[in-house]
Amino acid sequence: GNTETAATTWKIGGIGPVTGDASVYGQAVKNGMELAINEINEAGGISGVQIEYNFQDDECDNEKSVNAYNALKDWGMNILVGSVTSGCCIAVTAETAKDNMFQLTPSGSSVDCIINDNVFQVCFTDPNQGIGAAQYIGANGLATKVAVIYNSSDVYSTGIYEKFNAEAANQDFEIVSTSAFTNDSKSDFTVQLQQAKDAGAELVFLPIYAQEASLILTQAAAMDFAPTFFGCDGLDGILAIENFDPSLAEGVILLTPFVADAEDEMTQNFVSKYVESYGETPNQFAADAYDAVYTIKAAIEASGATPADGISGICDKMTGAMTTISVDGLTGTGMTWAATGEVAKEPKAMVIVNGEYTNLQ
Amino acid sequence: MSLISYVINGISLGSVYAIIALGYSMVYGIAKMLNFAHGDVIMVGGFVVYTMASGLGINPILSILCSMAFCTVLGMTIERIAYRPLRNAASSLAVLITAIGVSYFLQNIALIIYGSSPKAFTSVVTIPSLKLADGALTISGETIVTIVACIIIMVVLMLFINKTKAGQAMLAVSEDKGAAALMGINVNGTIALTFAIGSALAAIAGVLLCSAYPSLSPYTGAMPGIKAFVAAVFGGIGSIPGALIGGILLGLIEILSKAYISSQLSDAIVFAVLIVVLLVKPTGILGKQIQEKV
Amino acid sequence: MAMLEVTNLSISFGGLRAVDDFSITINEGELYGLIGPNGAGKTTVFNLLTGVYKPDEGHILLGGKDITGQKTIEINREGIARTFQNIRLFKEMTVQENVMVGLHNQIRYSTLASIFKLPSYRKAEKEMRERSLELLKVFDLDKEADTLASNLPYGKQRKLEIARALATNPKLLLLDEPAAGMNPNETIELMKTIRFVRDKFKMTILLIEHDMKLVSGICEELTVLNFGHVLCKGETKEVLNNPEVIKAYLGE
Amino acid sequence: MAMLEVKDLEVYYGMIQAIKGVSFEVNQGEVIALIGANGAGKTTILHTITGLIQPKQGSVVFEGTDITKVPGHKIVSMGMAHVPEGRRVFANLSVYQNLKMGAYIQKDKNEIAKNLEMIYKHFPRLEERKNQMAGTLSGGEQQMLAMGRALMSSPKMILMDEPSMGLSPLLVKEVFSIIEFCHESGITILLVEQNAKMALGIADRAYVLETGKITLTGDAKELMEDENVKKAYLGV
Amino acid sequence: MKRLLQSKETKKTLITFGIVIITYIIVEILMLCGLLSNQLQGLLVPICYYVMLAISLNLTVGILGELSLGHAGFACVGVFTGTVFSICMQNVIAASWIRFALAIILGALFAGIVGILIGLPVLRLKGDYLAIVTLAFCEIIKNVINVIYLGKDSQGLHISTTDTTALGMEPEGVVIIKGAQGVTGMPQDANFTIGILLILITLFIVLNLVHSRDGRAIMAIRDNLIAAESVGINITKYKLMAFSISAALAGAAGAYYGHNFNNIKAATNNFGYNMSIMVLVFVVLGGIGNMRGSIIAAVLLTLLPEMLRGISEYRLLIYSIVLIGMMLFNWSPKAQAWKEKMKVRILGKLKKNQKEVQ
């Protein structure tokens, strides 16, 4: 019964954690996608074809992610946006490869997510961010003594940390302290901060997410430790945490393709719509998801694929088109893709001044 | 100097564990059940204060009192609906499983109401932090309040159990429910009271937890709940002073192993120390060795 | 020959000397009684004999072999089996299974045999069933073989405990208040059974009991404990007429 | 009017009917013996009276109040104490704490002190061991404690479930003299006993229970002479 | 009577095996006819895994009577030994079924050994203390695996606890375990048929053990430790036996499960205490000591949240309510009495109807 509708609409599925500890990210992607799809549908769809949308929860668990994928297949999905988290995404790529389903992950940042030809990324890969961050710090001479605090039970965080560490050897600064935390003990950071402080760090690199970063900033303030804090895209959203005291984040630098306070029209439009629909400020996950949908639109338009091509046919056409398109999105202008699946876009360095993101440079 | 500051931080963290463990241990000691939902009641307590104090701008003290009242009612309701029907079930594991169900329930209901994104919690503690040794050492106001609260609660609880009639009833119920009824003790009422007190303590713990680590999400209670459970066992589960000692020790071990051994493996080290302690003293540090007479 | 020879056994709990300088000699095939006021230390003597507690002082010889300080399971293998004052059956298992557990060390086969149901498993299992049923017959429990042990009435539970103890093929059987909770008729029945067991299995039996009808009816010799000390020992009749025993234990 | 009136009681354990229509009464100041073989249902009746089990049919009336549906702890407060089968002492509380627990519903401090003194007088062993954990007491000592604990609430009526079980002959006599003493001080007693001879000796009236039904009833002394009773319960 | 009992037990066992096999046949037929949705097909392997975990945990909880909250830890050991073996041997052993069988055996062996190592010291503890220690071990295993980096090149295996660069491998070497990211790239050999086979083997081992001398000794320890000692049962040996067999079976299950995915990581919800508790839920809901019940509960509770996908955010909320409801219905004495009553009533009616028909 699915073939009938499948032939006349695009069925885009999404996978990510909507419940559980990682639900912030899944929820954001879900909302971001929804917003983009609604916009496109209102504007008449992709080349006149409407999009149907279905987002499935994976609780940030590989098995559940594969289950979600299968459920979406039953629903008749012909393009997948997901999974949100790297581990789940890797597990799902094995399945999409079997089916030759086109997959675009908004935020699965591990390089292992894109080992197959049918998978593309919207976000930076972890190594990219790690290397980028190290180079930025080195090139701008932000510090000579750097400390790192990362989440050793998180794929994203360890991925960035590893490359940062490797690249640091080529740069003009020294990593004086490295300490980790885990998902099981992520409320007290005094030890990590104390170690950084004792080592005389001038800059603390935080390849982590905003929630933990907000605690780190609070605790650092309490112990009168005021180095420069430097983060990656995970840190975006820190100002959006409800009730967060923005003065704590004063001077934090982040290397991120997206900030909600950006001045450009597209971002402002997106943010205002998002706030209106979901009652909170979007973070970069939502932005990546939004871009993912528009990227799919661009690829479809470029390739001339139609829902009637069947899953594999769509995939072949779109995969071919991906390397040819250039997309202007929230997270970057002129984004292009390599055949490997990796995105090319410019990270923006932002600094938080007076409770607002400001472009550095 | 850094050692001293680690120790201070360990005590701070430990005091938060301790205050959660107190409620845990008390409920365990009397109702003889591992209430896996305790951590989530803590989360609820935090959200109530968050909503009232940060959302509606109500006076923090009043918010805390409301939160305690709310959690008390919640705890008693949970007990009535999910635990009491299984009191005489053939296996004591049955009620453990419903407790897990309740834990999921509370997490998911909070998820639906508040959404998944974390909230920053405004500390309700207004005491300034204590600076020692020219500011090289800091003891935060939250830590001071938590430790003081811990000690007060511990003393009051012990006095309550040993000196009041209701406390004596709790002791009897914890030993033998049938025999307690024969003494004229209202068993169901006593257990409901236990949950009421335990949940009120959870509300206080929730506020202090969120004040010390000001980030609140539907899953905030889960991990501290488990850690507090470990702390309670450390100190000898069921023992009220044991919960305090267990909590503080746990915090210390966690911080010191993070500082001096491995920050990645600190959880593993904490658990390893727990195992060693239990192997040496199978009932925890202050736990009573109950010998069965043959 | 002495089956059991206990010399100067003592144990304290905290400040309380529960058993103090206790000695006893029981000959093979004898039916021996241990009586005394409540809290005199009788059960504690049993616990010492079976290795539940380790004696502070003293020696226990079973058939000439020193078993002092050995573990419960070793002592059971050496040949002492017991019943408990507060019944300890395997409640969730059937009556027959209870006895089969007693046969654990009597009939053996390997774990692999049981997992793969090898012939050795079948053979041994059959033998176990037959042996256990035989034992149950002695106590008139064969009809209840498949009932859960916890569903038996009190009196029968006591009998089942004796059957289970016998299944371990002991040389010495210790019975702790076997008639407690039985009515006079059942007690008389039990007396017959105990005698029968002694004769059929050539068992040496030491029993604790407060029912004087049973004690005077079947025990050949008695030792009276009081406050952990031996108050008096000797032939049943004499002991029961001893004025000190009457004063401390029987009452006028 | 009878102090305790049990009417047409029927009790089930799941599908098994343990009590099949039992009626009896106990008058103020009487000692009533309830005798019967193992598993006849004696304990079940006592448990139903004190509300630990709910009957399917029938009623229990105590001093004119219907207590069939009243929860156990309230019945105790009405002046009925129960010495349960198997003692049920609080194993990890001391002897003294156990006794204090017995006085849970008692508000009068003097009364508590008086009762305590009386109990220590009858069971000096309890006073010697007042700080020992009850669980490590010998079987007989625990039985004394259970009796003493029940007396601590100054009850109007006591239900006793095999109080002489596991006691030495001397103590059995002691227990019966306590029952006598309670009787003399006006406490009504419902006594369940295996030791039918002693029970009938002390009781005013007796009921004989067989597999959930009352088969015989009458004056205790007369029952003692009854041939059936002699054969079945006195072991002659 | 004796025969009857034996045949009754055998009958029960046969019914359990029968249910598993018939389910297998039905599912296979449905699959052949294309009537099984992708979602259900994808769930077959996980379900087999959870069933195995439930049966093996029931050995510890139901038969040995000890509360273990660390069962997922053993599965985790099985997953990682099994998958690492397969990845290393991918080019050495060509026949995938031999490699997979060896991986499963290896997983079982390692988990069994870990079970013994853990059991030896901790089985002296009782009840909730044992529960917390097993939970602790499970967490330790998870945490340690999360910091392990393991790689392979022509020099052999490299191991580190810091990061991949610290492995110091040749450029063409492959990283097998990548810390928190877990293992990636194992062959996906697991399928439903193998799962059913493993379930049958697990059942076979557990049930045969239960109905043997060793099984009775284990149950005797559960029912009364002091009495068991008094009849000469070696407590340590039998506790350890039950515990390590249970661990080994969980390890086998884990190795099987590990081969269903392309990537597997040791996170809290799949190998932490959460999962251990989930397996305990299967066991308790299905009836402690009741293997058939465990199987059914594992299947139902795995399917339930998947079937609830339609209601998105409310999914786990409904799930938790259903879980509490099922527990109350299955375990509360009142509900049990009610069920008895209904049974009698229905049976009575049936009888009456029969009479009327006659």
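A, B, C, D and E label the chains in the order they appear, each numbered from 1.
By definition in this document, a contact is a pair of C-beta atoms (placed from the backbone, for glycine too) under 8 Å apart; a residue touches a chain by one contact, two chains touch by 3 or more.
Keep in mind it's a predicted model, so treat the numbers as computed, not measured.
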A-E compared against C-D, more contacting pairs: A-E
Computed distance of Cα centres, chain D from chain B, in Å: 43
Cα-centroid distance, chain B relative to chain C, in whole angstrom: 48
Whole-Å gap between the CA centroids of chain D and chain E: 50
Separation of mean Cα positions, chain E and chain B [Å, integer]: 31
Chain B: positions in contact with at least two other chains: 108, 111, 264, 267, 292, 294
Contacts with 2+ other chains: residues of chain A: 18-21, 152, 182-184
Multi-partner residues of chain D (at least 2 other chains): 136-137
All touching chain pairs, where touch follows the definition stated at the start: A-B, A-E, B-C, B-D, B-E, C-D, C-E, D-E
Residues of chain B touching chain D in the complex: 165, 168-169, 171-172, 175-176, 178-187, 288, 290-293
Chain E - residues contacting chain A, complex: 37-43, 46, 139, 143, 146-147, 163-165, 179-182, 184, 188, 260-265, 267-270, 306, 309, 312-313, 315-316
In the complex, chain C residues that touch chain D: 13, 35-40, 43, 85-86, 153-156, 177, 180-188, 210, 212-213, 248-251
For the chain B and chain A complex, residues of the former touching the latter: 2, 5-6, 9, 12-13, 50, 54, 108, 111, 115-122, 129, 135, 138, 140, 212-215, 217-219, 222-224, 254-255, 258-259, 263-264, 266-267
Complex interface listing, chain D residues touching chain B: 50-52, 71-74, 76-77, 81-82, 84, 88-93, 97, 100-102, 104-105, 135-137, 149, 153
